[in-house]
Structure formats: structure tokens, C-alpha cells
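Order of writing sets the chain letters: A, B, C and D. Residues in each chain are counted from 1.
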Amino acid sequence: MTRQFKWDSGFGLLGLLLLFIGSYIGLFVAPAERYMGEVQRIMYVHVPCAWNAMLIYMLAFIFAIVSLWTHRPKWDAMTTAAAEVGIVLNALLLVQGSIWARATWGVWWDWDVRLTTSLIMLLLFAGVLALRSFVHDSGRRATWTAIATIVAFVDVPLVYFCVRWWRSLHQVQSTPDTVAPMMVVPLRINAFAILFLAIWMMAQRARVELARGRQENVAEPERLAPIGGSSHD
Amino acid sequence: MSLLSQAMTVVRKDLLLEWRGKGRLISVLLFGVVTLLLFSFAVGPDSTLLRAAAGGFLVLALLLSSTLGLSESFRVEQEQRAIEGLLLLPVDPIALYYGKTLSNTLFLMLLAPVLTPVGLILYSVQLDLKGLAVLLGLWTLAAAGLSAPGTLYAAMTSRLQSQDVLLPLLLFPLVIPVLMGAVKSTTLILTGDPMSQVGSWATLLASFAIIYWSLCGLLFPHAIEEGI
Amino acid sequence: MTDGVIVGGWSYVVAAYSITAAGLAVYAWSLVHRRRKTELE
Amino acid sequence: MSPRAADSAPLAVQTTGLGKRFGRQWALAHCDLQVRPGEVLLLAGANGSGKTTLLRLIAGLYKPTQGSMTIYGMDPDQEKLACRRTLTLVGHDNYLYSQLSALEMLQVWTRLGGLDLAEEQAVELLREVDLDDRRDYPVGGFSAGMRKRLTLRRTRLEKPKLVLLDEPFSALDAAGQNLIEEWIEGYRTAGKTVVLASHNLPRSTKLCDRAILLQQGQMLWQGTGNELLDHVGTTV
């Protein structure tokens, strides 16, 4: 494969640049929040991660449907890539959320609706990749990954509502209102930064998967010459 | 109509197998009872605490036993590849799926009449007949919800070496809504339901069951395209 | 929940940002590494 | 559904460039097979030569990696259930539930296959394979040969036009093997198509109208049964 500048490298570099700018504004330019103080600055990476994790899981769901429909290796690679990148963002999301909980509520974990839902989401999609790793035949692996992704994604809204009801007797934790314009700006910038980075990651991951598929895709052996016998036709 | 009769043939066959292999059913039941017992050791002999957690423990025992029952139901199919023999017949895969799912639901519902009284006694909870009836209804919904994705995943993992690990790994996070719905509503019935919230939890259980019965029915034929 | 303003807390912010950066970097490195490996084979 | 005239009737099985790859291994490649309606075709070849793969592809248990096929003119992708009604396969496995009795096994198969079978008919079917006195015993207690005989019964009760048999003679004693031979002769007279894979060349070459030798997943040789015996005798 030739080493040329590919479209996805552009996304990667742009994402990296935006992430630096957004984080700089979030850390040093934006004012501290009224009640949360400096801690609120975690939001500038936390919320973009959350938005993008959801978006990418949704992409995985859509890719899975297309993959099941078309049986094309390309869509299977995209499904896997989206699921894996979603899991990475989801894991980061949980760590940030945990730090946020420690800073504001004094505990490392709080059964907050969104935090709990994202933990369950992580387990759901980790299960998909676990199942995938156990299937050796490529066709079946693609089908089963798609099926498990669809089944897992459909569960997300159910889990969300369920956790909300489950918690309804407790008070709902308030999230800081981002009113100052200098708070909205880094949030937006970082949202796009992480989206672009995620696109780069998905492209890389999908390429890895496609390359693996190609390795498996051994050419049909040469046609052997018939060795005599009589033809009845 | 033939879809229905094919599905019912599968159910009848499974029930017959379950009846012949009573040992399996009894083992799963005993497993459930043992779990109930273990939970009470985890909380200690504090009876107020136990009573408060009784609903949760009952549902957890059901959930833990369910994976055993689900993987058993496909071990029987794989032993001499009987399922392939069924797939070779002109049977609609959808009939096969709903037959297996229904028989798994029935199997899980069989657990309730044994586990509930044991749990009630162990955790010293009082319950009138009406409560018992409501509880049974809720468990039916929970069993239906569990077995829909459970049957799909049990079928998919039935030929993989690590089924014992994979099935719970896939199933447990997925059925958290069922778990929560069943735990909450069971607890409300056992400890009183002043704000009559049981109804909304039952709705949640029913919606989960409906969504996954339809979704997995659509997906199952794809899953077994190349046999199981 | 504290009533007043949370004072300080920079250490949490630094922790959150560095873990995020580290997480993204490690994953990105693993992707590049995996691509190299599959291309070499 | 199918015209009886032998010439205009579609081939029982026609495959074009059929190939199946498992992981990196091609189990079957470049397979252009034509099976005429009513013939008995023998697939011969060493272990791993692709016989089972070919039979399972025809039966629709595998999806081909490459190529296409028709079964009595039908595309298996489009008319899956119709194909299932047309053919039956008895593979290496016995497809049995240990805890069901022989009679119950037959009933499960016939009901799912959409047939109505009265109990006397089922008993009669069991009598033909010497299992009628065992009809109420769980098949888990049966010997390997008895299980095989019971499973082979499937080829009779579903009345398919195309019978695929993978090693039908294995696990059977001489009497059992004779019985299978009789059945295959019976299918021929009834105008059914039989494709069998077998290692038992003395028996199967005698039975077949045509034989195909598979090697490394490819069809390398075809001829009559006797020619196959000569060929194998000289080369292997």
C-alpha cells in the first residue's frame, strides 16, 4: 500500500488542532462557573465525548443494518470500527464522569441517569466485540456482529428510561447551565474536534479490519486438470 | 397457520424433552434455591434488611438460573445436531425461533412457583393471594422478556467453545431493564405499593418483551442462515 | 452537594484532561500499530 | 411443478463455478456439477476432498463463497423452503434427541415437515428398519447402527425428489448396508435423484450410474462406477 496523504489524515490533523484550541479556550480563556468553579472545565471534554459516543453508536447501528442487508465486508468493517471507537469514547466518558462525581459530590460513582446508562452501554457493546472475537468464519462473524449490534443499540433507550424511573425517588442532579458565551465556544469546538478524531479512528480501524479480511481472502486455487475418465455427456 | 402449528410442534417437543429430562429442570431449580440461600448469607441475619432486598434477590435468582436453562435448551439441540435435522426440513426459521422462545419462557415460568415460596419463607415476607397472583403475572412478563434475546443469543453461542462465559456477558447487560422492572415491581408488591407504581413497571416489562420478541424474530433467520 | 462555590479543583480538571488525552493517544497508537502489522503481513 | 419429460426437465442439481472457503482454506473450488434427474451419482474421494462440503452446499446448510447453483431449476436463495421440500440430506450426525422415543422422533420430523402421519404408518415405517419393537424406547439407548437406521428413515417420510446421503453405509452392519442398497435401488425405480458420498467403494460403485472423484476440493475425474474402481485401483 502506498503511503500517500489520505482524506482521513486530514480529519485526524484537523481534529487534533481543534482539540488543542478548544481545550485551551476551555482551560484558560473561559471563565470559571459560578458554583462549580474550575471543576466545571471538565465539561468541555466530557460533554463532547458523550455526544460523540452516542452519535457513533448510532452509526454502528446504521452500519450494522446495512451490513446485514448487503453482506459486504466493507460495512462489517465499519460496524466493528464504529463499535470499537464508541467503546473508547464511552470509557473516557466514564472516567471523566467519575472524576466529575468525585469533585462535585465527593464520591467516585453516583447512580446518575446518564452515568449509569453509559456504563451499561459500554458493557453492551463490549459484549458485541467479545462475541465477534469468538467467531472464526468471516461470513458468520459479520452477520453475528451486525445482529448483536442491532440488539444492543435498541436496548439503549430502554435502559435510559428504566434508569430514570429507577432513580425517580432520588433528586435529580443538576448540571451546570452554560450561559456565558465563552463556555459555549470551547464546548462546540471540542465536539467537532472529537468527532473529527473519531472519524479518523474509525477509518483506521475499518482499514485494519478490511486488511485482515483481505488476508483471509485467499484466491481460489488453480483449476486442476481433469485426469481422464469418461464423459457421459 | 402452518407457522403457528410448526412453532407449537417445537414447543411440544421441548416440553416433552423437559419432562423426560426432569433432572435438568430440578438441577436448575436447586441452583435457584441455592442462590436464594447464598444471598441471605451475604446480607446476614438482619431480617429487616433481608425483607427489603427480598424482591431483588428473587429476581436475581431467576436471572442466574435463566442462563443455565437457556444454554441447556440448546445443548440438547447440539448434542446430536438435532437442530440441523430440523433446519433441513421445510420449516420456517421464524417458527423455530418462536417455538424455542415460547418453550424457554414456559421453562422460566416453571421456576417461579418454586422459587417464590422459598424466597418468601427464607426472607420472612408475608404475601396474600392477590399479591401472589400479581407477582406471577409480572414474572410471566419478565420471563418473556428474558427469553426473547436469551434464545437468540443461546442459539448463536451454542456452538462456540466459550458459551458459558459469552451468554451471560451478552445477556446480562441487555436485560437490565427487565431486571430493574422486575426487581422494583416485586419489591413494591412485597413491601407495599402506596403510590401504585407497579402498573408502570409492568408496562416497561411488557414493552421490553414486545420489542425483543419482534426484533429477535426478525433477526433469527439471518443468524442461522449458515446453520447453527 | 455543597452549598457554596467549589474552590480549587484544578487537580480534578488536570486529571480529567490528561486521562482523556492519554486514552485517545494510546488508542490512536494502537490503531497505527495494528495497521502497520496488517500491512506488513 | 416439474415436467416429467426427461429432456426438457431441468437438471436436478446444476452448479456453476461453485466454491467454498473456510477461513483461508478452500474446501471446494471450481465445481461445475450437473446431476440429471433420476440418476444415482457417487461422490468419491479421500477425507477432506470436499464431498461433505459439496453435499452441504447443495442442501443449503452452507452459503457458497463463489459460484451459483440451481436445484430442479430453483434458486435456493429465492426459494429456500421449496428447495428444502425438494431435497433431504442425511449427514454424519444423527439429528436425534436422546430422550425422545423412536416413534416420537418420527412424529416430530413429519409434523415439522408438514406431513400427517398416522401412528400405524409410523410403526410400519419403523418396522422396515427393524425398530418397531423399540418404538417406545428413548433413542439415547440405541446402538450406533440403530440410530443411523432411524435417521435414514427421514429420506422416506419426507418424500423428496433429491436424496443426499453422506456416508450412508458407515456404522451399519452388513444387513443394514444391504437395506440401504435396497432403498437406493428403490429411489432409482421411483425416479428420484440420489447423490451419495461414500468411502465404501465396493458397494457404492455397484449402485451408482455415474461416479465423480474429488481431490483437494475439485472434481478431477468422472466415469462409471466400474471405471472408478479401475482408476482408483491403479492410482491410489
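Things worth noting here:
Following the convention adopted for this analysis, a contact is a pair of C-beta atoms (placed from the backbone, for glycine too) under 8 Å apart; a residue touches a chain by one contact, two chains touch by 3 or more.
This structure is a prediction, so every number in the text was calculated from the model and none was measured.
The interface holding more C-beta pairs in contact, when A-D is weighed against B-D, is B-D.
Comparing each chain's Cα centroid with the centroid of every protein Cα atom identifies chain B as the most central. Each chain gets one centre point, the mean of its Cα atoms, and the points for chain A and chain D are 48 Å apart.
Inter-chain centre distance (chain B to chain C, centres taken as mean C-alpha positions): 40 Å. Mean C-alpha position of chain A lies 15 Å from that of chain C. Shown for chain D are the residues in touch with two or more other chains, namely 63. Touching of two or more other chains is recorded for no residue of chain C. Those residues of chain A in touch with two or more other chains are numbered 137, 139, 215.
In the complex of the two chains, the chain D residues touching chain B come out as 59, 61-63, 81-82, 84-85, 88-89, 91, 93-100, 104, 108-109, 111-114, 138, 147, 151, 154, 158.
Taken together, the chain A residues at the contact with chain C in this complex read 1, 12, 23, 27, 34-39, 41-42, 45-46, 49, 88, 91-92, 95-96, 99-100, 102-105, 197, 200-201, 204-205, 207-208, 211-212, 215. By the touch criterion stated above, chain A contacts chain B in their complex at residues 68, 120, 123-124, 127-128, 130-131, 134-135, 137, 139-140, 143-144, 146-148, 150-152, 154-155, 158-159, 161-163, 165-166. Those residues of chain C lying in contact with chain A across their complex are 1-2, 4-10, 12-13, 15-17, 19-20, 23-24, 27-28, 31-32, 34-35, 38-39, 41.
Listing the residues of chain B that touch chain A in their complex gives 149, 152, 156-157, 160-162, 166, 169-170, 172-174, 176-177, 180-181, 184, 200-201, 204, 207-208, 211-212, 215-216, 219, 222-223, 225-226.
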